[in-house]
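Below is a structure I'd like to ask you about.
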Amino acid sequence: MNKKHEAAWEKTKVLIEAMPYFRQFHGKTVVIKYGGNAMLNEDLKKDVINDIVLMQLVSMRPVLVHGGGPEINGLLKKLAIQSSFVNGLRVTDAATMEVVEMALVGKVNPSIVNHINQANGKALGLSGKDGNLLVAHQKYAIITDEKGKTTQVDIGQVGEIEKVNTELLNSLLEQGYIPVISPIGVGTDGKSYNINADTAAGKVAGALKAEKLILLTDVEGIYRDYQDKESLISLLHKKEAEELIKKGVIDGGMIPKVECCLQALAEGVVSTHILDGRLPHSLLLEIFTKEGIGTMVAE
Amino acid sequence: MNKKHEAAWEKTKVLIEAMPYFRQFHGKTVVIKYGGNAMLNEDLKKDVINDIVLMQLVSMRPVLVHGGGPEINGLLKKLAIQSSFVNGLRVTDAATMEVVEMALVGKVNPSIVNHINQANGKALGLSGKDGNLLVAHQKYAIITDEKGKTTQVDIGQVGEIEKVNTELLNSLLEQGYIPVISPIGVGTDGKSYNINADTAAGKVAGALKAEKLILLTDVEGIYRDYQDKESLISLLHKKEAEELIKKGVIDGGMIPKVECCLQALAEGVVSTHILDGRLPHSLLLEIFTKEGIGTMVAE
Amino acid sequence: MNKKHEAAWEKTKVLIEAMPYFRQFHGKTVVIKYGGNAMLNEDLKKDVINDIVLMQLVSMRPVLVHGGGPEINGLLKKLAIQSSFVNGLRVTDAATMEVVEMALVGKVNPSIVNHINQANGKALGLSGKDGNLLVAHQKYAIITDEKGKTTQVDIGQVGEIEKVNTELLNSLLEQGYIPVISPIGVGTDGKSYNINADTAAGKVAGALKAEKLILLTDVEGIYRDYQDKESLISLLHKKEAEELIKKGVIDGGMIPKVECCLQALAEGVVSTHILDGRLPHSLLLEIFTKEGIGTMVAE
Amino acid sequence: MNKKHEAAWEKTKVLIEAMPYFRQFHGKTVVIKYGGNAMLNEDLKKDVINDIVLMQLVSMRPVLVHGGGPEINGLLKKLAIQSSFVNGLRVTDAATMEVVEMALVGKVNPSIVNHINQANGKALGLSGKDGNLLVAHQKYAIITDEKGKTTQVDIGQVGEIEKVNTELLNSLLEQGYIPVISPIGVGTDGKSYNINADTAAGKVAGALKAEKLILLTDVEGIYRDYQDKESLISLLHKKEAEELIKKGVIDGGMIPKVECCLQALAEGVVSTHILDGRLPHSLLLEIFTKEGIGTMVAE
Amino acid sequence: MNKKHEAAWEKTKVLIEAMPYFRQFHGKTVVIKYGGNAMLNEDLKKDVINDIVLMQLVSMRPVLVHGGGPEINGLLKKLAIQSSFVNGLRVTDAATMEVVEMALVGKVNPSIVNHINQANGKALGLSGKDGNLLVAHQKYAIITDEKGKTTQVDIGQVGEIEKVNTELLNSLLEQGYIPVISPIGVGTDGKSYNINADTAAGKVAGALKAEKLILLTDVEGIYRDYQDKESLISLLHKKEAEELIKKGVIDGGMIPKVECCLQALAEGVVSTHILDGRLPHSLLLEIFTKEGIGTMVAE
Amino acid sequence: MNKKHEAAWEKTKVLIEAMPYFRQFHGKTVVIKYGGNAMLNEDLKKDVINDIVLMQLVSMRPVLVHGGGPEINGLLKKLAIQSSFVNGLRVTDAATMEVVEMALVGKVNPSIVNHINQANGKALGLSGKDGNLLVAHQKYAIITDEKGKTTQVDIGQVGEIEKVNTELLNSLLEQGYIPVISPIGVGTDGKSYNINADTAAGKVAGALKAEKLILLTDVEGIYRDYQDKESLISLLHKKEAEELIKKGVIDGGMIPKVECCLQALAEGVVSTHILDGRLPHSLLLEIFTKEGIGTMVAE
């Protein structure tokens, strides 16, 4: 074997190694929450797009749910609209809601769709209003005072999903489209709701009985000890996850992500993953290599 | 027959009269350019939405292409972005394009989709980027100097459609969706283009070989003599249309509308209509009554 | 708005009012017993035919079961065949049966089919023999003597339905045909049976799990007090119906009609109606107006 | 091999011999004009019915068009309606037409359907009105006076077919039904027309591009010399047929039969046959034996 | 009726008699174990092939499983490979297995396929490896010593079927192919297994829920008294079969055949038959004559 | 990025590089002639099998045509059957033909099928007799004497293909099977023919209008100068190929391979390749790397 062939042969070895994963995920639905650095950094964005198109090419069925905090903040700022937060949830009055929708549905979503199509994928953008994809109702913030008493606070058009129109999604998947979903819900009264993108991805994955739910984040995964980078947890079972939350090891913004994983598992998703979106091709790394990356949360 | 029955009987008479139109348009595609007052006035908006849902119920296949000038202007103003115009076409730099897209795709489109769904229709929003629905290329403004010399002027991301992905539209129509389309085109290089909504509607109608193209406008139709309201033309044939343009009877903003009708007819649309969107239920009036309304442009 | 538009606008208002009914009955099967004056009077006949074609056009699935007493009597008379009756049931010997079949299948049925087709509907005539549509067995008359002792009397080829070939009906409905059915049953031994048209319509409606069973009759509906025309019952529940029969308020020829409604409800029909076929467009009045007409019998 | 087996073996030999015919006619449409003695004699009737059910069982697609002269005459007589004839065509006024329709559609047709179903076939009766199966227009009689001058005579509702709704027939054949057709045509104005059954069968065969058209008659076939029973023609080519008509060898009622065969051949039927319906199982004899029977008319 | 017609008429009578059987077996699957004299004798072979093609023509779905002992023995002999037997089962080492496979898959199977195709049937050969048609595991011989103690003996690649890929068979049957199956099983580890052809046929019939399982053998059927040829049992019920085995009336090579029938019945086959393949056209005799032949084993 | 991730990242890079090839060959048919060392060497065999299963997994449609010279020779030798050759073609008498068929159909083919299935592919073996897949006629050897006179010599059952049953192949491909074909042809008279495997692969590729025909051989490809290993031709156009044959640069066993490529191109195959089957994973190297390997023969 000559030099040229040796180099090529190295490549084919990799394809051969990928075979069991091609087989395992053939025709399977993978729901990806796409947000954070993976969406801001142009190189990472290109990687994610390429990974998704590759997944489609080898017969997987990727579905994207995207976030867009920076875009929302940018537009709010330009329009001089102030935001206040309760428990980390943005108080969403009508003016804010309009900006959220314009930023997500009118800017972030078409940009992702366009990038996928440019990479020869076949994407189609949806918001929760299209075909009543995401039916939602209002969600209240719960605040606890010093004495431990909890009060429900009305924070406006913040919602949680009660129904996903899977018929529409399945029909688009069947026709070979990659659905790109903005996490805007719609009430039965037609009101718009701002939905957390992780939660929306979890609900969509649960409704589709997806093979995988992948949350792309800006951390490596979940640590047993946040100080010690060596303590990254590769596989976190439900029971342990609940304990770690109780103990406060999992805290802050990670709690809703883990809870969304647990909820998706309960609704029939096979495995859920919290990945580091800052890592190039983290999606492929997770799917096509034995070791996987980040933290897998499982039953 | 008693009083109660008499009243009811009046109603059934109307249904009987509508029968030939139910029959004539059964399963037929009607592309509607929705804009102007019919979109601004809440009562008119409700009427148009109801008319469209009714069309769907009696087995027609409505497709909407919407405009949104006021929404675009409003957002540009809030963001303090100045616009200039050449030959009535907005010079569209990147910042303007972004605003156009946010206003149309992120605000106007979901609002229409939502209204239709609230009225128990089944709508789904699309921009030209979804599944590469509207592939476009740049369009230049043509200006003529005093000596009659024409020059091409680059006015940025203003485009014209070269291809409509009818497969996507037909599949959605087959599944019972009303497609609501924002006139944003996408270049083969992924660039966004601002497309005139009338022209987009005409192109979509032509590509779908629609039965009807209806342009909802803020005038009654075309007059032989603009001063004389009695001179409204009910039926305008291609030849006469071309003459009236030459003579200057049809001028200004009406020229592109008439040209878009003629183009659609050339591509196989059966009839085209310029209707007064300020009239309540103008769509139903045109479709379900013998007399029709506005101006019909035909071969 | 000018005069012309005002008139047209009145019409469109009606269409808008009809929308909820278009929606409610979209794709639903409605079985209609067509007989009495509605079949004899040429104007009423035209109305019924038009109503049925309209129902088909707005995506309902009408099925007709027709009677034909006058035609049978006329032909029996011309052929000098005498009829005797037991308990209101015609004693049906072989010669009479042949006449019944000729009158219904050879005269009434093709005439209805033809009228529907002339009105641009798409009808196809069936007797119970076609594809063994209505399998039946003999039915005996029950007579009660003075002492209350009941005796079964053989009245010849009078039958009751034991099985409806719904596969044939559904296939024809799927292809867009309006089935027009003559109430002739066929025994497993090939014998013909004369079936009461109301009962046949009820059985067909039950077998098809129809949305509505409508019996067109020559009365306004059911009265609480037959003398008092103001006492018409709009909605009669099963329980009350049974009581009114026991009390003798519902009597004579109305009993089998009400029992046929109750039977159809028990087999899964959603609502049943006894309408006045002498009223022009009574079908449309019932289906497309809020108030409805006649008496609705429901669970 | 013992006695019992020998007898059985004789039978299997026949099945083996029939194989090439099973193969040849697999899935092929055969249109049969059923009339004359084969319809009057109970034994022959049973034979024809059995033959047709057998054809269906071995995957052929039989279609029946029936006559019914004796039934029509019987009913006319009972109703004391006089008939006159012009050129062998019955002058058909409205009263006569009604009787023709009642006799054919209300008596003969259901009887055949019933017999086939009793023999475990799957038949469905149709008249030309069902789904506008046979669209027709009036046909005039042509009489020639002594001087050879021809005059068109109006003989009432006698018609000729201009269009056959093959979509309906093919759909029923696809679902495994044997269509049994009464030769009643319908004008575009809804008028009924009395059609010659041979001609109707020929038109149906032509429209279906049938493999075979079989006319069951009361003669053995066509003779070169009517006196000499040995002169039966087994195979008659178009050219010779035309010559024999010119020479007067083929005359009287046989002329329209031969012309109907020639017409069917011209419209794409593969072979046409004039068979002796008085012969038991003449259909099977023709189809499943090498020698065939009667006269085959071919291009 | 003349002589020629009389002869033909005799034939048509047979077709008429065969009708109930055509009807009974329409679309039904019949699995045939083809072996013994019926495969060796050229005339018998031709008969079997013709019978099978006829079955296919009249809409039955024959499936063949073939044996091939003589071919295997012949090839082993030519290659000078010795065979030993335990309990009538051939000890199958790797070299023997290779010969078995070559003889069955490379010689007997293509020869049968070819004969069927030459007779205008449409056959396709399969071994248990094709699409993992017959998944098997090793089967041990059970030997009993003088004291009645049983020992399991390893006799090499002799197997029994644990799973039949009915999806493949049904798809081929749907496309009109006659599957011809070599009884070679494949282990989940890819090992080849020699399977008894009777047992394989029974398993295939059971998996397909066949209408009939027919074992072609070299005996007339099962006798109550082997000495008395008059004691042939026409119908043997499960219970009696088990008793006759216990009593030793059914013994030797007949035991596995009867057990295979009982097993197939238990798995849903409607009837099973042990036929004399030495009788010409024994398949047709069984299927198309009232008396049937051989021994039918039923629940 | 840590070490673990770096290694994994190298792998994902390869997948990304392979994307254009996944896209290019999505759903495309690739016909592979499998023979020579690639079939004899166990490691190479495993590689080829894996490559083919991978091709199937990433939505390509591989079809295999196999050779088997060594197996044939081995069996002939064991059976002491002598072979003679004319012009490199084996003289194939009946006994030899039987051996060829047993070796290919009964040994080589099931072994390949089994290996693919073991590697979790989904294969099904076919010979040219199955469903008359390869209809052939006899081929004569042409010998040229010293004076240049050519004579046709009868060399027995050596054949060339005249028709490929693509319906069967397409149906199996549609169902996800990898067809594995033994190059045995069948005459219209049922005679078996020994077909050259390269030629058979070419004919199958041509009939399927395959994207690629790949001949796995035991040479690196075609050289401009056989002595100089650096002179390997990467891309050989039709015209040059014909010249090189004329000049004698391409000679011996390479001529029929090149001619088979040219023939396949003429029948619509997009590209043809002569690859070195001795190279591990030569199939993947050719398909999934930019440089390709071996010699591509193109129009």
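Per-chain numbering from 1; labels A, B, C, D, E and F assigned in written order.
Operating definition for what follows: a residue touches a chain if its C-beta (ideal position, glycine included) is under 8 Å from a C-beta of that chain, and two chains touch if they have at least 3 such contacts.
If you're wondering where the values come from, they're calculated on a predicted model, not measured in any experiment.
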Query raised in the report: Which chains lie in contact with each of subunit A and subunit B?
Result: none
Report task. Identify the chains in contact with subunit E as well as subunit F, in label order. Result -> none
Query - Same-site or different-site touching of subunit C by its copy subunit D, using the half cut - result: same
Query raised in the report: Which chain is most remote from subunit A in terms of Cα centres?
Result: D
Query raised in the report: Can you give the rotation angle that fits subunit B onto its twin subunit E by Cα atoms, in degrees and rounded to the nearest 5?
Result: 180
Query raised in the report: Using C-alpha centroids, which chain lies at the maximum separation from subunit C?
Result: F
Query raised in the report: So how far apart, in whole Å, are subunit D and subunit E when each is placed at the average of its C-alpha atoms?
Result: 47
Requested in this report: Quick one: report the Å distance separating subunit A from subunit D, using the average Cα coordinate of each chain.
Outcome: 71
Report task. List the centre-to-centre spacing of subunit D and subunit F in whole Å, with centres computed as mean CA coordinates. Result -> 58
Query - Residues of subunit E engaged with two or more neighbouring chains - result: none
Report summary line: Around the ring, subunit A then subunit F onward, we get A, F, E, D, C, B
**Report entry** Complex contacts: residues of subunit C adjacent to subunit B
**Finding:** 1, 4-5, 8-19, 22-23, 26, 50-51, 53-54, 57-59, 120, 279-281, 284-285, 288-289, 291, 293
Query raised in the report: Inside the complex, what are the residues of subunit A that reach subunit B?
Result: 75, 78-79, 98, 101-107, 109-110, 113-115, 117-118, 122-127, 129-132, 168, 171, 175, 177, 184, 186, 189-190, 192
